Each structure stands twice: as C-alpha cells, then as structure tokens.
Amino acid sequence: MNKNSSNVMALAPNTPNKRETVCIFGTGDFGRALGNKMIQSGYPVVYGSRSTQISNLIPKDAEVLGHAEAAQKAAIIIIAIQRQHYNFLTPLAEVLHGKVLVDISNNLKLNQYPESNAEYLAQLLPGSKVVKAFNTVSAWALQSGTLDASRQVFVCGDDVEAKQMVMDIVRAVGLTPLDKGSLLAAQEIENYPLQLFPMWKFPFFLSFGLTAFFFFYCLVLDVIYTYIYENNNFSFFIAITIPNRVFPVMALILLALVYLPGIFAAIIQLYRGTKYRRFPDWLDKWMLCRKQLGLIALAFASLHVVFTLVTPMRAFVSWRTSKGIISQALNNKTEPLNHTTAWISDSYLALGILGYFLFVLLGITSLPSVSNNVNWREFRFVQSKLGYLSLILCTAHTLVYGGKWFLSPSAYKWYLPNIYMLSLVVPCAVLVVKFVLIFPCVDRPLTQIRQGWERNPKYSQ
Amino acid sequence: MNKNSSNVMALAPNTPNKRETVCIFGTGDFGRALGNKMIQSGYPVVYGSRSTQISNLIPKDAEVLGHAEAAQKAAIIIIAIQRQHYNFLTPLAEVLHGKVLVDISNNLKLNQYPESNAEYLAQLLPGSKVVKAFNTVSAWALQSGTLDASRQVFVCGDDVEAKQMVMDIVRAVGLTPLDKGSLLAAQEIENYPLQLFPMWKFPFFLSFGLTAFFFFYCLVLDVIYTYIYENNNFSFFIAITIPNRVFPVMALILLALVYLPGIFAAIIQLYRGTKYRRFPDWLDKWMLCRKQLGLIALAFASLHVVFTLVTPMRAFVSWRTSKGIISQALNNKTEPLNHTTAWISDSYLALGILGYFLFVLLGITSLPSVSNNVNWREFRFVQSKLGYLSLILCTAHTLVYGGKWFLSPSAYKWYLPNIYMLSLVVPCAVLVVKFVLIFPCVDRPLTQIRQGWERNPKYSQ
Amino acid sequence: MNKNSSNVMALAPNTPNKRETVCIFGTGDFGRALGNKMIQSGYPVVYGSRSTQISNLIPKDAEVLGHAEAAQKAAIIIIAIQRQHYNFLTPLAEVLHGKVLVDISNNLKLNQYPESNAEYLAQLLPGSKVVKAFNTVSAWALQSGTLDASRQVFVCGDDVEAKQMVMDIVRAVGLTPLDKGSLLAAQEIENYPLQLFPMWKFPFFLSFGLTAFFFFYCLVLDVIYTYIYENNNFSFFIAITIPNRVFPVMALILLALVYLPGIFAAIIQLYRGTKYRRFPDWLDKWMLCRKQLGLIALAFASLHVVFTLVTPMRAFVSWRTSKGIISQALNNKTEPLNHTTAWISDSYLALGILGYFLFVLLGITSLPSVSNNVNWREFRFVQSKLGYLSLILCTAHTLVYGGKWFLSPSAYKWYLPNIYMLSLVVPCAVLVVKFVLIFPCVDRPLTQIRQGWERNPKYSQ
C-alpha cells in the first residue's frame, strides 16, 4: 500500500552525494529519464553523446562528453541506444574493457532477433560485463514518478559483482531488483514487457464466443419467441433476465472445463500405460490455461450472484409479486405453504451459496501471494478436493433449480432445449467419469503410472 | 497471472546450448523428470547409474554412465536417490570432492531422522558442497509442466557459490529459487512439503465442533420442538434458516476468541508483574492461531451475509409476506409505520454491514502480499483498533437484533436459551474486560511491563 | 497462511548447536528479546555490559562480560544501545576493527538526525563493517513469538559478506531478510517503522470531509425538510437511507478524482508543448495518491452495494410495499406493467453491477502480489482502459437512476439540488474532456510529447 513512500524518500534532498559516477550512452528519452532519476538519487551522471550540440532536455546537473571520455569516467555504462546501432560500440571495445554495460533495450515484437539484445552486446564486446536491466520500466513512469504498477526490475547477467552493482542502482532509484540468473534469461526478460496477457487470450475468446452464443440463444427463446407466439414485449429482459441466465451457464461450463483436461489426461495415461509420452498439444495448452478458465468462471459466478441478489429490486419483479398477491386477495383466499416448493427453493439457494463460497476460496488460493505460502500437498488438496466439491455443489444447484424443466414440454420452445439442460452436459460428464476414475480398480493403476510405473517397459542396452 | 509464460519460454527451442553439464545420480521418477526438464532448458545431462541396462524412460538426449564416470563429467551432481542408500556414496568421496551435491530427497513423515537428509549427506561426504533444493516440487508437476502452484524452490547450503550455481539451474527450469540460508535450514525445508495446513487444524476442528453443536441445538429448538408442540413441519429450515442462525453465532464467537487470548495475556502479565516469564502452553498455541481463527470467523460472516441477502428469494418468505399482506387487505386495514421497528431494523442492518466491512478489511490486510507492505505500527493499528471496532459493531448488531428475545418467555423453549444469548457471552466478556484494561490506572503498568519494566526485579551477581 | 510454522520449527529443540557466537552490546529490552530468540535458534550469545550486576532478565544461557571481552568473542556485534550513547564505542574502535556491527536502532520521529544512525555509527568506527537490520521488528513481537505481521527484516550495508552473515541470522530466527542495498538506504529503513499510512492521509481526510458534508446535506433535505414541511419524522433514515445516498455519491466522485489529475497533466503538457517541465506540486502529490483514492472509492461502492441489497429486508420498505399492494387490492384494480419503468429499473441495476464488477477487478489488480505479476503494458491496459470503462458505466448508472430528478421541481427543496446532480459534475467533466483528448488531432501531439518530442526545443552549445 504505502510502497510509494520509498519513492517520496528518494526525492528527498537529504541523500548524501557519495554515489559513484554512472555513464549513460545515448541522450534519447529513456536515457534522459533514467539520468534524471539517478541524479535525484544522488548519482553523478555523465552522458556519452555523438553530437556536441547539447539539448536542454538533458538534466542540468549532468555532464555531456564524447563516448570515450564519458566511458572513462565511470565503471558502469548504461547503453540507452537501439540494438541497430550497437556495432558503433566495437571501436570503443578497449575503453569498455572490464566495465559493466547495462543493456536496457526492448524490441518491437516477441523474439524479434535470434539472440537477445543483451547477448548480442556481450558477443560484440566480450571484454565487458553485460547486465540486462531496466527494460521493463517505461520512461514515462520514471519521468512522472507515478510508479504505482510493478516496481520489479528484472536483472540478469553472467558476472555476479556486476549484477550486484546494477541492483544497487535499481534499489537507489526506488525500484525492486529481481535476480533472474545468467544472461541466458535476457531473451525472456526482453519479451516480458511486450506481452499482453498471453495466457488469457484463449480462455477470453472461448468465453466471449460461448457467451455470445448463449445470449442469442436466450434472446430467441425468451424474447423473440414470446413476442411472436404470446405477443408479449419482454425486450427489457436483455438487461438482467437474460444475462442472469447466461452467466451461471457460463460459470458452470467453464468450471467443468477446468477439470475436463485432467480427466482426458488420466484416460490417455491409462490407455497408454505410461506417463512418459507427451500429451497431444491441445491438451498441453488446455492444461496450462486452467487457472485462467477457472478465474473467468469465478467472474461469471460472481456476476450471477449479484444479478440474482438484485432481483427483488427490479420493477418487473415487484410488479409480478404484487399482481400475484392482489389476485389472491381479490379471490379472497390464501394459498397454503407448499412444503415441496419451500424445500426446493431453500435447497438450491443453499447449494448455490456453498458452491460459490468454495469457488471463492479457490480463487483466493490462486492469488500469487497466497499460493506461494502453500506447499504442493496443500495446493493440490485445495484445487482438487475443494474444486471438485465446488463443481458437485454447483451442478447440484443447477439440477435442483432447473430440474423441473426437463420434463415440462413448455421448456422445448421451437424444439430447442432450455439452456439449463445444455449447461449440465459438460459438468455431469466430468463428474461421472471422475466418479469412475476414483474406483480402486481404476485409481490404483493410474497412481502407479503417475509414480513412474510402465505397463510395457522397454529396455535397451 | 501470466507467470506460466516463463514456463512456455523455457520450452522454446531457441535457447542456446551453452549451459554446463549436470550429473544426476539415480534414474528414478524424479531423476528422470528433472533430467527431462533440464535438457529442455539447454543443459547437457549425464546420468550416473548402477545398472548397464538402460530404460527407455531416460530422456533420449541424456548419457548414462557408471557413477564415478558420470560424476567426473560435471561440477554439479543431483542426488536423486533415497537416504537409505546414501552410504553407497562414501566410496566415491574422492571423485565427489569439491563438487556440488544437490540433495533433493524427502521423508515420509515429519522429523523422521534426527538430522536432515542434507546434513547427513554433508557428514558422509565432508569434502563436497551440499545444497538442499528441489524437494518441494513434485515429479508429476515437473513432468506435466503444469506448475500452477507455488514455483518457489527453497535452497539452502553452507557454500554461497554452490548455492548460486544451483539457484541458476532452478531459474533455468522456470522455477523461483528462495535462499533459506545455511544447511541448518534443511530440516525445515524437508518438513515443509509434508505439512497439510498445520496451523489450521485446531481452528478447523474447534469451529467444526461448535458448528455441529449449535446446528443440533437449533434443530431441536426450531424444528423438533415446533413439530412436537405446534405440529408444524419446518424441516426445510435445515437448508437456510438454521445455517443462517448458526453462521453468525459462529462468526461472532470466533471473532471474540481472536481477542480473548490477548486479554488473558494482559491479565497474566499484570498479575505476574513481568513479561519475562513464558505464558502457559495453551495460551502460546492459541495466540499463534489467532489469524486462522479470524479468517474462519470471516468465512462464517460472509456465509451469513449471503444467506441473509437471499432471504427475499425464498419461497417460504414470499409466502409468509403475501399471507401477511392478504390478511391486512381482507381485514380492510393498513397498519401504520411503526417507527421503533423501522429504527431497530435499519440500525441492526447498518451495524452489521459496517462491522462486516471492517472485518473484510482485516481479512484483506492479512493477505501475505498486503501485510508485507505494512509496517508493524500500521499492522497493529489495523488488527487491534479496527479489529476491536469490528467486534464492537458486530456485538451491537447482534444485541439490537436479538435483544427483544431476552425478555420474551417464548425464547426459552424447553428452558433452553436462544442461541443469540449464548453467542453474546464471549464477545461481551471480551469487550467488558478490554474496557477495564484501557483505563489509565490499568493501562499504564501494563505498558510499562511490556516495555521491559518488572515489578519485582531480581539481580544476581 | 502457515508461515508461522517456521516459527514453531525454530522453537524445536532439535536444532544442532553449531552456530557462531554473537555478541550483543546492551541489556535493554530489545537486546534481551533478540538474545533470547537467538539462543532458541542455536546461537551462543554473549552480552557486553557496563554493569557487573547482572539482571535475571538476561537469558540464562547467555554469558555477560565487559564490552571489550564480549566483543572479542564474536565476529558479529549487535549494537542494542541508543544513538546518544554511540560515542562510548569510540574507545573500543580497535577491538571492533573488522567486526560486523549490526545497528538495530530506531528514532522517535522521521528524519530526526541529519544522517541515519547506521551511517553515524559507520563514521564513528570506520574500521568496522556496519549493517542495518532488525529495526522494523518489535521486541514485544520477538518475545511473544506472535510474528503474524510482516516477517520482513530490511537489511542494508556496504559490505556484502557482512550483510550475508546478518541475513543468515535473520533467517535463523524465523524472519525473512530483504536486501535494501548499500548503507545509504539506512535512513529510509529507519523512517519505515515510524510511518502510519503516510500515503493514505490526504485521501482519508478528503473523503472524510466530503462524506460529512454530503451527510449533513442529505440530513437537511431528507429528514429536517420533511419534518418541517411535511411533518413526517423520518429520523431512522440516518441509519440506511442517507448513508446509501452518500456512499454512491462519494464512490463516483472519488473514482472521477482518480482520473482527473491525468486529464490535468495532459492539458498542461499540451499547453507547454513538452513533458520535461515538472508539474505543479499539488498535481504531483495528487497523482501519487490516485491508488489510495481509488481504493477508498471502491470501499464506498462496496458499502453502497451491500446497503442496496439489504433494502428488501428493511421494515420501512416492506411496510411501504404492503401499503402499495393493499391500496391496489382495496381499489380492486391491478396496475399493468409499465415497460419504461421496467427498462429503466433493469438498466441502471445492470449498469451499476457491471461498473462495480470492473471496479472490483481494478481493486484486485492493485493487490501487490497481482500487480507484481503484471507488466507495465498490462497494468496500463487494466488501469486505464478498464478504469475508464468502469467510470463510464458508473456514471451511466447514476444518470439513468437519477435522471428523472433533473427536471422535477420537487428535487429542488430549498432551491438546493439533489446530491445526485452534485455527484455527476466531476465524472461528467472528466469523461467529456477525456473524450476530447482521444480525438486524433489532440491525441497525436500528446503522444509525441510523451515520447520526448518538444514543440519549442532549445539547444545550447
């Protein structure tokens, strides 16, 4: 919360000025922003520049020299120029020998070059110690001081001492260094800032497509059908009634899709009799985005909960309620309590609440800081045991609520089944197969396979 | 969220092959899984094995040699064999001299041996540098690549450089190393994966027992009593009415139990006049699981909130409401607004919401990533000041809601008090004693004692 | 969650006793607490003390000697005395030469001295290696073992090896060391435990003041006006009705205030034609507390949601509902469904739910552990795109709900506008200006300026 305080600190003028000089090659936007920030943190900064004409954009307290003179003044040189111009550094190899070069460059797209910029720099200047750092921070953020997103700066390099020196600078400007190991990690670090939720893309488009489909399905059955055959205009169902029919369906299907790949994996392993052959690619990818599927399912479930809770506040619902009461009053009679209805209504509410409660627990344990404090045994207990319990409760909730529709012919408008029925296909299939898989006669060989046993082991000489 | 990306990265084929050879002793499941993962990350892997017959389970790109030859090829040897067989390594002491040995073993139960496996290995081979690592990751997770739980790998060892080398491997296979210090930490690291929520056991069983008790208490008073004396079958109360009577009671009692040990500690310290004597064991244990008690209380409170909010959707409630309205309509009269009822109803709702709101705030600050960003002064402010405020509001909520029952004789079915009254005993006691403790005449000596003052100091020569 | 386990571990007696001796100067409260904890973790502890008379408060297993003798026995000396008495150490300079001195002192107020205590110590004893550590932990917490708040211990120092030795001790007593770099960080570390939510002060007082103002505004219009002119006593509105009118207004205004400084910044940059001049101070400060403003807005929005959801449970509301139904029944007529009302009611509910949903998403991504797993591009996408979408939805929710009041004269009691209208001023202004700013003819120069372009660049020689 008050992380920003360190930033405020760094701006305070009482930092004594005993830092070592840092050289920055390149007077572009990022070079200037970083130089400014380092001067504020007490570092003497010298710029290495080709041009003798000095822009007033360069921080006032910084010196500007030619590349060679500037490099001689410092042990650390920050290379704030683009990869295409790296080769101009080769003539400077002698001056840069033994110095720490900090590669801060980024690419325009993922894996743009065969090797990372930092490794390329290290190849060009084998006598220098190259450290990758700072590429995940934007100049604009450094400039404006509003570092409210991640303060982590990934640092990697082959020389431990050089890395330490760079990490000290990172800390001094108010950021948090994170050691990512040797320079081989540079490719990953350079790709990192270019990503936009890569693991979320498939789950997002899948759920978007399914939501659109179910929305139009409901629109046809609940609004258009009613308008044509019953001449009732229920177009306002678009706002709450239909979303609240689509959201729980999506939540249930996506939750089942979280557990379906595990079922497939078990069947494949049982069939092959070994765990040492790779799964098909689609299954691998599916297993890697289960967490994202689960979180989107949780989002839909949460929307369903709130949309349901506002029901009594809807003008349509209170109109329908008063109509019912008034007609009873005018007929001078009071209907007795129907115990079956009371049981059904209370059961599906209770089942839904408990299922949602476990679902939220699952969501909380998937927060990075919580899952880091939980060991594998505990994580598997929560995600597998509690996850299946949540799936069972949510499926039961839907069954108890929508069960009556299965037999009623009015549920099959235009011979199309109600979406409650569609929503139950995947979860019921998952639960039935899982139920089969936990029988000892199936579970025992599966456990053995997962512990490394093979049905048809082959030995070679 | 997109942590998995690093995993996807590691699988990419463009990692250059300049890593140093790693040797793995043992061709068991974990040895194979780890070898596979390391080969994928660009490490040449050589297995040390007793048998010349080589299983095809061993990764294709790996070499398999005798133990001594394999060990000579690498600076790092991963010991993927069980502790019982460690003594076969003693003849190899000369070959292993100066090498980094990575102990990845786990035990079957907590504190199985007097010393940790890693320390035992270090004793057997005093010339080698033993590092403990990788024991918290499962072979299955490495194999399937679905590392969605904690990616943290605890690393400890007495040699800093050896530890660095192992941490680089950990990072290369897509995991996050966490330095736990010297080899003395190995025991703790070996116990870690065997735990299943050790701090949660007592709070869980306590709340389970209390919930069961209150559930049957309510069942007897609300369903069985009504059935016997009033011949009404309210069995459907089991689904919502009774849980929603038990949950708030549990939440309030558990919240009070979070603050009760602090009260006891203060009384004991005041009585003894010193803070330098240990508390009784039961109090120590109780104090250590306050966070867990609080989180379970929050879970009950959340369930109470949702169970309450669905009230208007229950068939029983809407039947009761219409019955009331119809009887008024048939009697041709409208009851005027009872201002007292309006005040009471609005007050307990508002008190409950505000109390729950503060309770949720407490829960959020107990998330590891939030509490790590809060200093002790802030943490104590939130947990103590806001916590007590939440307890006061929740107790007031219950008092305003349940107050009317205290005097009504109908509340004492079978001479048993309503559970509202039972639920108020502990919180009221805590609040009254706390109120006494903040009086200056009591607070001043307590503060002095906590700052190290003693009533009867004893000096020895 | 089960972080405490390590603490329990540390208390276990099976830790072998091979740690190196640690010396503690000073037998005050913190020195004793730390000594106790270190003895429990297997460290031999020797106290350096001026007095030969030894209090029985000193742990039994610890030795107590004169300062010089004690210092000679250990490589690490923990200085548990106050800064004012540091100068008594200068005569010991020779004994302390080359030793690691751990400064654990705290000050009474922020920036109390020109240099930090640790730097002062390093100046007094230039031959020793000074490390700052342990000052963020309280003696009371160490003593009672209830380390349920942050276990992080900030460590800084100029000597890497000395820092490593101290970090090993930190880990051994069950805490988590966090390297903060060189000794220059000591000032920040010493200020850290003195802070009490510094970034929250302004947002808190702003929202407190605004809430009070709107509360009295509503009190006057809804309770006092009604009492005077309509002779109705609606004093119970204080509990729910008025808060639920103030909370959404506060949430909307504060959410708009999160985005207003960004608008100001853009206008200032467009006007100046450069990003290289600092913003006015008030704008800088405002931008730094946007996250806090947003979280307080989320708190108000959450309270609004729960206060709204309990509406059907209020005695006043059910009385009003039955009155309406009974009067219809007595008049023997049923009002038909008003489609416009149904549309409006469903729309503002749906808009509000979706806006709140996005708002909660924003809140979750601002959790430290989540925002650390998100890169800048993703963070900006969520905070800017989703944030504005949430603001649009919430403003639309208020417009649809409160729109009817704009034209009705009854909304202007005592010529004062309803607070719905007041609440819409800031968000509408923000949205309109933002809408202008995303026009290409305005957006293009702004983007250029933010990439470092200047309208009137000045070059000096």
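Chains here go by letter, A, B and C, matching the order in which they are written, and residues are numbered from 1 within each.
In the analysis below, a contact is a pair of C-beta atoms (placed from the backbone, for glycine too) under 8 Å apart; a residue touches a chain by one contact, two chains touch by 3 or more.
The model shown is predicted, which means the values in this text are computed figures rather than measured ones.
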Chain B on chain C, rotation in degrees - Cα superposition, rounded to nearest 5: 120
Interface residue identity across copies chain A, chain C - same or different by half: different
Centroid spacing, where centroids are CA-atom means, of chain A and chain C in whole angstrom: 23
Shared interface positions of chain B, touching two or more other chains: 1-3, 192, 195, 197, 309, 312, 325, 329, 367-370, 372-374, 378
Residues of chain B that touch chain A when the two form their complex: 1-9, 12, 14-16, 18-19, 28-29, 32, 42, 52-57, 136-141, 143-146, 148-152, 164, 167-168, 171-172, 192-197, 233, 235-236, 239-241, 243, 299, 302-303, 306-307, 309-310, 312-316, 318-319, 322-323, 325-327, 329-330, 367-370, 372-374, 378
Chain A to chain B touching residues, read off their complex: 1-3, 111, 114-115, 119, 160, 180-182, 184-185, 187-188, 191-192, 195, 197-200, 265, 275-276, 279, 284, 287-288, 290-292, 305, 308-309, 311-312, 321, 324-325, 328-329, 332, 334-335, 337-339, 341-347, 349-350, 353-354, 356-357, 361, 366-381, 383, 450-452, 454, 457-461
